[in-house]
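For reference, the structure I am asking about is given below.
By written order: A, B, C and D. Residues from 1 in each chain.
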Amino acid sequence: MTVETMPSPVRLKAVAAKGQPDPSPALEQLYRGFESELLVPLWTEIGDLMPQNPRSKAMPHLWRWDRLVELASEAGRIVPVGRGGERRAIALANPGLGGRPFATPTLWAAIQYLMPGENAPEHRHTQHAFRFVVEGEGVWTVVNGDPVRMSRGDFLPQAGWNWHAHHNAASAPMAWIDGLDIPFSYYTESQFFEFGRERVGTVEMTTPEFSRSERLWGHPGLRPLSQPEAPSATPLLAYRWVDTDRALTDQLALEEEGHAATLSPGHAAVRFTNPSNGRDVLPTIRTEMHRVRKGASTLTHREVGSSVYQVFEGTGSVTVGDKQWTVRRGDMFVVPSWAPFAARCDAASDSTLDLFRFSDSPIFEALHAHRSQVGDPA
Amino acid sequence: MTVETMPSPVRLKAVAAKGQPDPSPALEQLYRGFESELLVPLWTEIGDLMPQNPRSKAMPHLWRWDRLVELASEAGRIVPVGRGGERRAIALANPGLGGRPFATPTLWAAIQYLMPGENAPEHRHTQHAFRFVVEGEGVWTVVNGDPVRMSRGDFLPQAGWNWHAHHNAASAPMAWIDGLDIPFSYYTESQFFEFGRERVGTVEMTTPEFSRSERLWGHPGLRPLSQPEAPSATPLLAYRWVDTDRALTDQLALEEEGHAATLSPGHAAVRFTNPSNGRDVLPTIRTEMHRVRKGASTLTHREVGSSVYQVFEGTGSVTVGDKQWTVRRGDMFVVPSWAPFAARCDAASDSTLDLFRFSDSPIFEALHAHRSQVGDPA
Amino acid sequence: MTVETMPSPVRLKAVAAKGQPDPSPALEQLYRGFESELLVPLWTEIGDLMPQNPRSKAMPHLWRWDRLVELASEAGRIVPVGRGGERRAIALANPGLGGRPFATPTLWAAIQYLMPGENAPEHRHTQHAFRFVVEGEGVWTVVNGDPVRMSRGDFLPQAGWNWHAHHNAASAPMAWIDGLDIPFSYYTESQFFEFGRERVGTVEMTTPEFSRSERLWGHPGLRPLSQPEAPSATPLLAYRWVDTDRALTDQLALEEEGHAATLSPGHAAVRFTNPSNGRDVLPTIRTEMHRVRKGASTLTHREVGSSVYQVFEGTGSVTVGDKQWTVRRGDMFVVPSWAPFAARCDAASDSTLDLFRFSDSPIFEALHAHRSQVGDPA
Amino acid sequence: MTVETMPSPVRLKAVAAKGQPDPSPALEQLYRGFESELLVPLWTEIGDLMPQNPRSKAMPHLWRWDRLVELASEAGRIVPVGRGGERRAIALANPGLGGRPFATPTLWAAIQYLMPGENAPEHRHTQHAFRFVVEGEGVWTVVNGDPVRMSRGDFLPQAGWNWHAHHNAASAPMAWIDGLDIPFSYYTESQFFEFGRERVGTVEMTTPEFSRSERLWGHPGLRPLSQPEAPSATPLLAYRWVDTDRALTDQLALEEEGHAATLSPGHAAVRFTNPSNGRDVLPTIRTEMHRVRKGASTLTHREVGSSVYQVFEGTGSVTVGDKQWTVRRGDMFVVPSWAPFAARCDAASDSTLDLFRFSDSPIFEALHAHRSQVGDPA
């Protein structure tokens, strides 16, 4: 069947509306001509296509960690891990995006679950990925033959086109979250994928405390001269919680000592960066950890592009657009493009409110399309 | 109505397939849990989301220039131009993209039409745009108060967030094509738009032969010291056919003299670039003019990302994926991501086959995701 | 003989001065110890080494074109051109720089002279060079086999490590100026040099009107797709006077029409740039053409780094630090680092005052050390 | 006195030599003309100015640490520290550079010495600087109000135009080395200098274990979101020995485990980098720490530009051009441009041979003039 004989997917209807021509038989005939030639006029679409500012199809939404773990654990019991399905990963599907496994128009966010002794087979893809561990330990990710330990609070970036597999060396199951740019790659149609070995080698199944990448690149401000440049993604495969926690603690302490070190009073934040160039760890995904002191709030902020957050620790309330939720450890939520966001740590929280965040900002910065606004949008 | 009470858009069905768990009551129950929590497993989607190479939803398709002009001309008779509709622009709707006015997943391509004496009102938007003139003259685009003549063969880039309007100062209608990154901005939700003045000033309605931008920036290799840096988009508002034609003619002449000047035998090509930094004229859109000598062919080529072509002159045949068409002046066609493309100029063509091309390559280059392949993919 | 037994070049004298220790026998003994160990204390040198702003060793100085041509012509009669001496080039020796052939601490400026039928042999070196033609024609520079015509007003950059030779195809001698970064390379000890063929080939001895480089790269805003990237130096080997003149004429005309196009009233200027990236044509040398309208003046300006000017056309007066000269076609002068500079075109000049300038600014910009100041320094 | 009446510094002598014109009365007369007009021909100078590869005026030379400390200590007794002299710093004067306090044509290297309770007054300058501590502790450098502890093995960069002072809070004197680009700034005439406060404030006289800069920027791969970009020099003011030592130890351990982690067998090395962009800590100075395993050697290496080394620990032998020395803790030596360099750690050394190195490589890399060669130059 050729395209010419397919029914046209274009459907045009003449309506009385500002900026649109008056309905008439001639207009109807014109529209039938457009349809048969696969054409659509700007004047019927401009309001949707060119709004005054981004109006996201994605909706603010919250997923509770206990439900995510409950369902993942059930999947652990009945869904095997292996070649073909590749990973026991379960993705957040934004209610505004038609049932697709897309947390936002550009970002994939999933809970991944591995039973004791299980192996997720090796593959590689051009989609950029990371893992973040809100609780548990015992799994190693093997990246190009380098086993990387995963423990609570650790952040593990995984740049596109690197071979990787997972193995659970512990006696308990483990859950963590994956972030990828799958929706962006899918929409822009730029993906490549390859299967790797069914089982990685014995050496790669070892469980060292520190990966080789950390021993080479994990020393502050020190570049190993033997290693090549790494312009497009970080060569450091693990950012450990001990470092992240200390950096945030130092910022709040400096603030107390009277120095400029926080984004706003009581709000500390670090970005995970590629030590070889100081830029985002992945070309398409920005990752950060935010800490809000007990009783403090962030400023309201909005920006072009979307984010996904996971609560790492503490309790508090977050506001996204016209939604507000009380949140606790593990909860995940979405901030759509240009939606105002603010967070507050409960005065009675057990700890500071620590929020892991990832967003698609590097895409917009690379294309000179980034915009942001701090303060009340009204 | 809150999200929680909306019916979930997620629909999951257990099927027997490689990499998927065996259907069972437990699995069905798990899937109902996923649906109610707005979750989708990777294992049911991986084939579609993570193919071995890009499999475009967009289809190769050809639009004939005579039909485009015929319908645009009819629209000229019955559809007014003014505030609200903004432009008499009629967009190509790729048959694979569900009736949306998207030539490819990232690119908008339209024919725009202006009657004698008509004015298209001023506005600005973050979407990047250009005009290319396959025939006719008499319209001026006014960019930030600088009137820019449009004549056959001219290429006029229009970077985002510049005020612009059009006026037809001639006694005949004029058609040209517009290219924009509307689909990309729409999908990534990064658009801003503002209405400008209803009518631009008298000075701006003049019809100078050369715009001020050309008088400042249109001299080869010469930067005007009074002008600021222009990193994100070209300050040169018109690339004239006389220059483009001479560059292509020179390349073919150099090839005949025995020097390396063409992409392959008989295939000359130039890219329109920002004179302030040598990069693409727009952050998201690459634009080029290709010339194939009579009887010669291009090499077969494919790359990540999509392109739209318009035939500027000559007759020939083009192959896109499994499609092949005979083409002539004005015809437009789409090359989807990773689809092999080749063109051949008829030995009996009146002239070389000149092809104007635009693509989304700068997006992928900025994100380190570009790939291309020259030669037969088999 | 070893270093240890050489007499030390260090000589230290205890003097009574602010910031210096009081002379005493103990100090004298300390200084003898310093001398024998090849040591020099900061406190005797800081005033010279670390002044409050640059105090150039170079002096403002003017060389008259008629005397330069007269001596070059005499050299043409008695000094042969050939291998070993390589070029009949005669360099400006700044009176503050100890008799070395350095116009400034970083820049070489010379008049080169070639008799009818003469050939300057092929060589290459890492020093960056250019030619500028204030009068005459008939010589071709052959760069990597590409013959480049030299005519009045033309600017010809010559990036380091390209093979090059000259041949005079005319019946008259010809003089032009050479600019290079020889002093900078000499001081930083970074030079490489190779001899080429004694005679270039027959094809290379032809005298085409336009070089291949111009046919590939000399079209405004158009990049030839067949050519590789050229990040470190321009691929365009000639910037023709017709283009430079038109650009300057356009700026003054735009100013008259009421548009911002000049550096200051009556002062137009363009920079010669690498069309592949919009940056300076050479990594170490900036080159510009300035035009001052009859009766107009430039603003007073000073900057880190040194410049050499040559008057291309017109008569006027220039002020450099505490010097002032009346200048005319061909005259060359030096502006030392941080010395204020201004120029004025005589109201009775035959033409605008056109000044060719080259400077070492790219060095300081690349190292984040550039500073400039516009207006009266007092 | 005007320049015109000064005796010309140019002296030209006609000699019989390859590439030079034959001596003759006419040539003598021409040369007198050149002298009076301040001109120098290329043909008498080309051998010196344009050698086939860099021939450094600087000589390989070694300074013994015990003698440096002895003389600095004597200076501590009789030379006060204060405004005017600014610092008790004693510079290495390369025997090939005419008695100037220049270790190489571009680099300054000095021993600085501060008695208990002494303060070096605040100033700032555009010259880039660093301190490196081979032994001792007790001094704090105060940079823009941030006190930075100095202890054995620590590296403290000090980018241009930051206010800084020193205070010795201990009961013993302390010596360390300073590296700056004073000769480069001096030759290129790009220096600015300002005096600061006579005494810094009380808060700044405190002696915290870690500077604020380290608490903000000293966490591996983590960028503090509150801090601005720092493109031209590192915001991290101390690189602690514990980190440097661990990075080098890890490289040698990885090598033993069979992984590529060293420059060559037994030779580990790290570069100190700006964490905000991964580049050199200073725009003009590269700094590195090298470690050679007992009994191992580095490869022979040469490059454009000069280096200064200080032995941090261990004993061994180094070869620079035609010189060879046995070295131990604190010894300093110079490697001129393009001179081959190699080091060997004694098999009987108490420890690995640890070498601190600084060089001017960033200058050449920024200007696309870097070249290097590994292996025996013959």
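Everything below uses one rule, namely that a residue touches a chain if its C-beta (ideal position, glycine included) is under 8 Å from a C-beta of that chain, and two chains touch if they have at least 3 such contacts.
No experiment lies behind these values; they were computed from the predicted model shown.
Centroid analysis (C-alpha atoms only) places B farthest from chain D. Chain A and chain C, compared by their mean Cα positions, are separated by 53 Å. The distance from the centre of chain A to the centre of chain D, each centre being the mean of the chain's C-alpha atoms, comes to 44 Å.
One finds 29 Å separating the Cα centroids of chain C and chain D.
Within chain C, contacts with two or more other chains are made by no residue at all.
Taken pairwise by the contact criterion, the protein chains form one closed cycle in which every chain touches exactly two others.
Those residues of chain C lying in contact with chain B across their complex are 212, 215-226, 234, 236, 239, 243-244, 246-247, 250-251, 253-254, 259-263, 268-279, 281, 288. Every residue of chain C that touches chain D in the complex is listed here, in rising order: 3, 6, 8-11, 18-21, 24, 26-27, 30, 33-34, 37-43, 45-46, 49-59, 61, 63, 67-68, 71, 74-75, 77-80, 82-95, 97-101, 105-106, 110, 125-127, 160, 182, 184-194, 231-233, 283-284, 304-306, 336-338, 360, 362-364, 366-369, 371.
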